[in-house]
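Two complexes come next, and they have one chain in common, subunit A, joined by subunit B in the first and subunit C in the second.
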Partner chain A sequence: MSEPLESDASLLVVVLDINTSAWSTSPLPLDKALQQIIIFINGYLALKPENKLVVLASNKRECRCLYPVDHTSATPDQDIQVYEQFRVVDASILAGVKNMIINTEPPNANQGIEEAQSLIARALSKALCHIHRVTESTLSKIWPRILILSAAEDSPREYIALMNSIFAAQKMSVLIDICKIIGRDSVFLQQAAEISGGNYLKVDTARGESLLQTLLFTCLADHYTREILYFPGNEQIDFRATCFCHKKVVDIGFVCSVCLSIFCRPAPVCSTCQTKFSIKLVKTESALSSSALTSNGKQILAASEMSALSLEDEKTATAAK
Partner chain B sequence: MANPTNEAMEEDDYIDIDDTGPEGLKGADGGYAWEEEYKRSWDVIQEDASGSIQSSITDLNSQRSRKRRQQRSTETLQRGIIRHVVLVIDQSENMSTRDLMPSRIQATLALLEQFVGEFFDQNPISQLALVATKDGLAEKLTDLSGNPRDHLGALRDKASGDLAGEPSLQNALELGMHALRRAPAHGSREIVCVFGSLTTCDPGDIEQTLRALQAAEVRVSMVHLAAEVHVFRRICQSTAGVFAVAADEDHMRESLFENIPPPALVKERATADMVQMGFPVKAQMGEVPSPCVCHHELRFAGFLCPRCGAKVCGLPTDCDVCGLALVSAPHLARSYRHLFPEDNFREAGKRTAGAVVVCFGCGAKDAGFECVGCRQAFCLECDVFVHETLHNCPGCV
Partner chain C sequence: MLTLPGEIIKHSSETLCNKEEGTLYITNKRLAWCKAGSETPAAEVLHENFSSQQVSKAEAKKVMLRISAVSPGSAPDTAPNVTHTFTWKLADKNVAIADRDKYMAELAVITPKKQQIPGGGSATGTGAGAAAAAPGNQQGAAGSSSAASGAASAAGSAAPTGQSGSEYGKVKIGAVPASVEEIKLRQEALSKNSDLAKLHKTLVIAGLISEDEFWSTRKHILETQAIQSQLRKGESSTWLDLAPMTQASGDFKYTITPNVARRIFKEYPQVKRAYIDNVPHKVNEKLFWKKFVASQFFNRGRSADSAKGNRDDIFDKCMREEDSVFNNTARYDLDYLTKLLDLTRTEEDSVETGNAPDFTMRPAPMDNKLSLLRRFNHHSELVLQSVLNSKRKQTDNDHKAVDKTLEEATHLEDLETPHPEKKIKLSIQDRTRYFTSLSKGASDSKQSQGSHDLDHTDPGSTRAPLHVSFNISRPLDNCGDTQKTMDIISHSAHIVALQKRPNRIQELRIPDDINLAVAECHGAGTEMLRHLWSLIRLPPTPERQKRAEKIVAAFDGVHARIRDTIARANTADSKNAKLGPIVEKMLQPIAHSLNVGKSTFENRPRAKAAA
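Let's look at the complex of A and B:
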């Protein structure tokens, strides 16, 4: 793995989470936040002419690429006050976000927790596909990173896909920075930042912290500059797991050797994959009930893993009601 | 891309005895094979504008790897995630042959270093041991451990010693079995050998060793660098392992790396168990460094074992004081891609003329493949990327 040089270009993929039900609870309205994000993006593009940019937006139903995008509509008005390249980017982003919001169905009050979740794993997978394509096609060395502006909550069914994406990012030396604008700390995204080597930042707009300031000071630095800067340290990210049965954090757990689900005390049967364990006292010949995990098992496992890794046990359950 | 007539010729080149009809060796149009049009098989390789054939070769390679990936099973199977693998390296005189550059042993050692790195990347809670065999004897280079540093160090220093004599497969297998005796029943036990010699110098009856291997449920796989030897193949097949003969360096790498994903468990043998594992927290960064129990070196940072409080420097590992396996939750998550593999992509069917299909993953215009699960279109680069690195389809997520 070569060392980054000051002259190397970067590729930044910005993933905007525009989940409308999450943004409706934010003290910073979406249009102001978008203005700040666009200023940050313009700043990034201004640093080096070779810097490349991709912008993806996701909400609970879809994930769309906002820039670069083919313009089939008429070109917007020429404005000589604005640098041309910035104008194209800004216009694409604003038009794309507007389209996505208009096409979203109004939130259904009965759906509850599902509303406030976005397709982050899908956005991350698409971002990595974009990065793969761009790095394969450019001749000079380009250093990729991803910035996720997250508003929605963790979604348990995405856990496995998210972890796969994080490990792929680590292999490709892609830094993942997370900027959490609204809501509680997301455990999955904290792990994403830690494993890939990026930063997890929580912006508390209610107390006057500025999104733009955080972005400019922390996320603008490229691979080379990050080795020189000293970043705000993450408070101890807890990599401990929580058990499936009681959802409490375990120090010493019992792991099923078949499906890797975690329990706080030993049991004769794994509740996730229904495997009977060979207890030393009783010899059972037919130790297995099935040799394949069905898709139901997959969903149960994914749902359990989410609650397994949540650091807030009962609060999650009560907040959902 | 090669034009259609060339691709058709490529398939017809392979004349199979089963293709012949009652007329014998007559070809499709009734004549004999030597009477047909002369096939120019070298036309498959096309030069591009600058005269280079690189793109042709990469196309052929990617077609070959696509075919291999299509045959991969995407069922959710039970696999031995917690693995104990013994690597056997042949250090006999035969390994100094220069058919693999610079010599067989050096090519093998370089490949094994990559193997160790990739193995621990995909199987973080597994353990590896190294055994070398030469002069009719077998010697253990490293004990079963989950730390890649020990193994890489051994590969660099000890394994590149002098080559001598003939290898002893029986001694190596017996030593491997002895090392695996410590492995608990819920983990899979495997021996992977890389051999270059066509002979083996054994002290006893290898059938006895084979029966012992079957009784201990050890799976033996081998990659041979020269030719197929009946005894080696039989041992691999009777223990449900894989035997491969490497045709060239790339093939050797492919065959060896096939042992990296966890093997599917055989139903009658598999035993599942609850493994006690600890999830340590980070130790407080003090002003004074303290020694770790694994290497006895002074360090500032580390992890505290939840059972005995000893400080270890890296995860995953076994606590040297109380023996508890120490892991963190992402290490378990690395194995999920083996338990829940992603769907294969297949060639997309015919589309209406003029419709421009955009790749769902990266937005490129030439999207010729679609996912079996979610029916979204993807381009070739995304296909390669999703199946080799990412392991989840953006549409199915």
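Let's look at the complex of A and C:
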């Protein structure tokens, strides 16, 4: 893998999440946000003439490519003094977003939590395919990255597909930056940024933070510049698992050796796969020694990220003998 | 012999010392040996200078006694540097042994307590590996002849290790008060591990923690030490190189211990056969080895010109045998070939020649090097054989076993009728549990469900704001508080930058002694805290309570040390003006932990009393 040069072009794929129910709860209205995003995109295009751009939009139903579009739509405002390249991009983005919003069906009352989830994994796969096609077809070296502007929540059913795309991106050395505009931190997207080497940012628009400022500061830099700059964020990502029975975070727990489901306390039967365990193999909670492994036994799981024993830590490593 | 006033002669015997005849006397004051016909002792060892004795084994040819002592007038506890060896010349060996044992008994009484080298400890290469060192290390003790005398050459520690290794097997570590073996183990562990020794010094010898408590959490170290000392080293696999020692008179001297002899026999089985045939009836053993060393067989590989040695009928036969063995290329037993050899493994080597006999694999024409190479190869074969499992060769020789393995190898499973395996179907109840458990704060999702339901009750009102048409040529009117955003972002980036920079502790320029003092405080504090927390966690008994109280009381000592270190830092003459506050900050975590420990411990009994 060669080192990025200053003169190398970049390919940016912007994934816009225009989930209507999520945006409707946002303190920053969608059009204002779009304005800022478009300014950011124009800024990116202005950096180098060779920079390439792809814009995808996704909501809970579909994922469409807004730019570059195959068909040429009529541009009514011909007399506006805007740089031609910017105008094409901006107009197609706006038109695409408008189309998607108009065509979305009104929400059903009994769909519940799935309303607020977008098809991020689908968008990510499309983005990666685009990237692959562009990098194969250009002669000079082009450095790809993805920017996800996320508004919706994590969708658990997409987990497998999302993780596969993230690992594929890692293999292709594609950086994934995440900018979370609305809502809580998303664990999956945090992991995406961590694994692929990008940044995870959360913009708190309720408190007046500026989306444009954040984007320009962090996401504008290309591969070459990123090696020189320090980026904000990146506190310790919590990779710990939660137990299946109570959904509490566990450091050390019990794992069924048949179905690999995690529990915080030993039980005679696994609640997921109905395997019976032989109780005499299961040691008590205080003993942190490893128990025997048989096909019916349990093994002790020591989750990752267990922080080193600090001086103030109560647990001792040599508690039981 | 002239006796000193008050001296009583207990035993006397006719012995040889330095190949001279004389009389050995043991008295209540000393051990003395006079030459025949002389009145004054030529060699004497006062009882207070005597350090250890060694005897030759019961079945050895000569009955010998060796005394080692410190030179007269030297301070106690110096290493012994004077040795005398006495040999009994009696025809009847048993009488000689009985005589010698009398001396042994006397000397055992006065042997200083520290070095109890047990009698019979002349390790004649019984796997203790002591004599594995090159025989050139033999103590050139005068009078010890080279053959079969079995005087241990290595330092005296080899013998006790070989002996005490078996003691450790029954040691129960952790017994209070510590047994003798455990103390020995502790000393060994400390001597092998310098970090542990340093920690031990600062904690135990300074009086902060008792010895037993120090070792109570380190039992695993002692256990591994015990197990390691029980391991017996195998024979050395180095190439045996008998190097001569040049004496003052210009003679060469080769020392051959039984261990060396064994290795020679292993390397050259023909020499072993020759030995068995000839010794002791045809040729005396000493003569045998003399001839061996002088022979052409031995000297053949040692110097460039091979004609250095003498011709000798025994060893010439050895030479001829060896050549015949090595020249015989058809060394494989045709009846019991391994039929399961994979011939395609060496296909690449013979692509050009195919199946024709390999004419490239001819030995070089240079003859003298050739034999040396062959011997090296033979040696390597022996080493590998001893390492690899040699059981495999045995099974191949049995006719029936060969047939059986052949049959098993040619059995094709694909041709059998397939037996369906008994399987249990995996039924997973609820697959989404794998994914929902991954999202952090999953319990919060239940709350958000409630809020979402609220939103969906009035869809009409939420629809309105989502219009996106704006004029792209108009500038952006407001994009949030950029100053605040910049502050937040740059602060976050600053923190990341600080974390990623390399450790700047050298810039603080803390003097070494203060560094050491800080490390000691930390070490002592953590050690005590470890004991305290483990005691708190276990169910309370009066004994544990007492121990915990003792530890808490000892905290004050550590606190005092901390204060002392800070005071020293404050008054230290250093370029760094803020040394005092910096050291205080460095010691702050340990002080805090000690306080937390103390308060937790004190709150516990109150909670129990209240309950």
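Simple rule for what comes next: the second predicted complex is superposed on the first by the 247 of 321 C-alpha atoms of A that agree within 3 Å, B and C clash if a C-alpha of one lies under 4 Å from a C-alpha of the other, contacts with A are read in each partner's own complex, and residues count from 1 in each chain.
As a convention for this text, a residue touches a chain if its C-beta (ideal position, glycine included) is under 8 Å from a C-beta of that chain, and two chains touch if they have at least 3 such contacts.
Since this is a predicted model, take the numbers as computed values, not measurements.
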A:46 in the overlay: touching subunit B, subunit C, both, or neither? Say first, second, both or neither. neither
May I ask you to decide whether A:241 touches subunit B, subunit C, both, or neither, giving the answer as first, second, both or neither? both
One more residue to check, A:206. First (subunit B), second (subunit C), both or neither? neither
Determine, under the contact definition given at the top, whether A:259 touches first (subunit B), second (subunit C), both, or neither. both
In the overlaid three-chain picture, which partner chain does A:5 touch, first (subunit B) or second (subunit C), both, or neither? neither
Does subunit A have more residues touched by subunit B or by subunit C? C
Contact-wise, after the overlay, does A:214 reach subunit B, subunit C, both or neither (first, second, both, neither)? second
Scan A:154 for contacts with subunit B and subunit C and give back first, second, both or neither. second
Using the superposition on chain A as set up above, list the residues of subunit A that contact both subunit B and subunit C. 159, 238, 241, 258-259, 262
Which positions of subunit C touch subunit A when the two form their complex? 217, 426-430, 432-445, 448-449, 452-453, 455-457, 459, 462-463, 465-473, 476, 478-482, 484-486, 488-494, 496-497, 500, 522, 525-526, 529-530, 533-534, 537, 589-590, 592-593, 596
Contacting residues of subunit B [partner subunit A, same complex]: 75-78, 81-82, 121, 185-187, 265, 267, 270-282, 306-307, 324, 328-330, 332-337, 339-340, 359-364, 381-382, 385-386, 389-395, 397
Would you pull the subunit A residues touching subunit B in the complex into a rising list? 63, 65, 68-69, 119, 121-122, 125-126, 128-130, 132-133, 136, 158-161, 163-168, 171-172, 191, 195, 236, 238-241, 250-260, 262-263, 266-267, 270, 275-278, 287-288, 291-295, 297-298, 308-309
Mind listing the subunit A positions that touch subunit C in their complex? 20-21, 23-25, 28-32, 34-36, 38-39, 77, 80-82, 86-87, 90-91, 94, 97-98, 101, 106-107, 109, 112-113, 115-116, 153-154, 156-157, 159, 184-188, 205, 207-214, 217-218, 230-234, 238, 241-244, 247, 249, 258-259, 261-262, 271-274, 310-312, 314, 316, 318-319
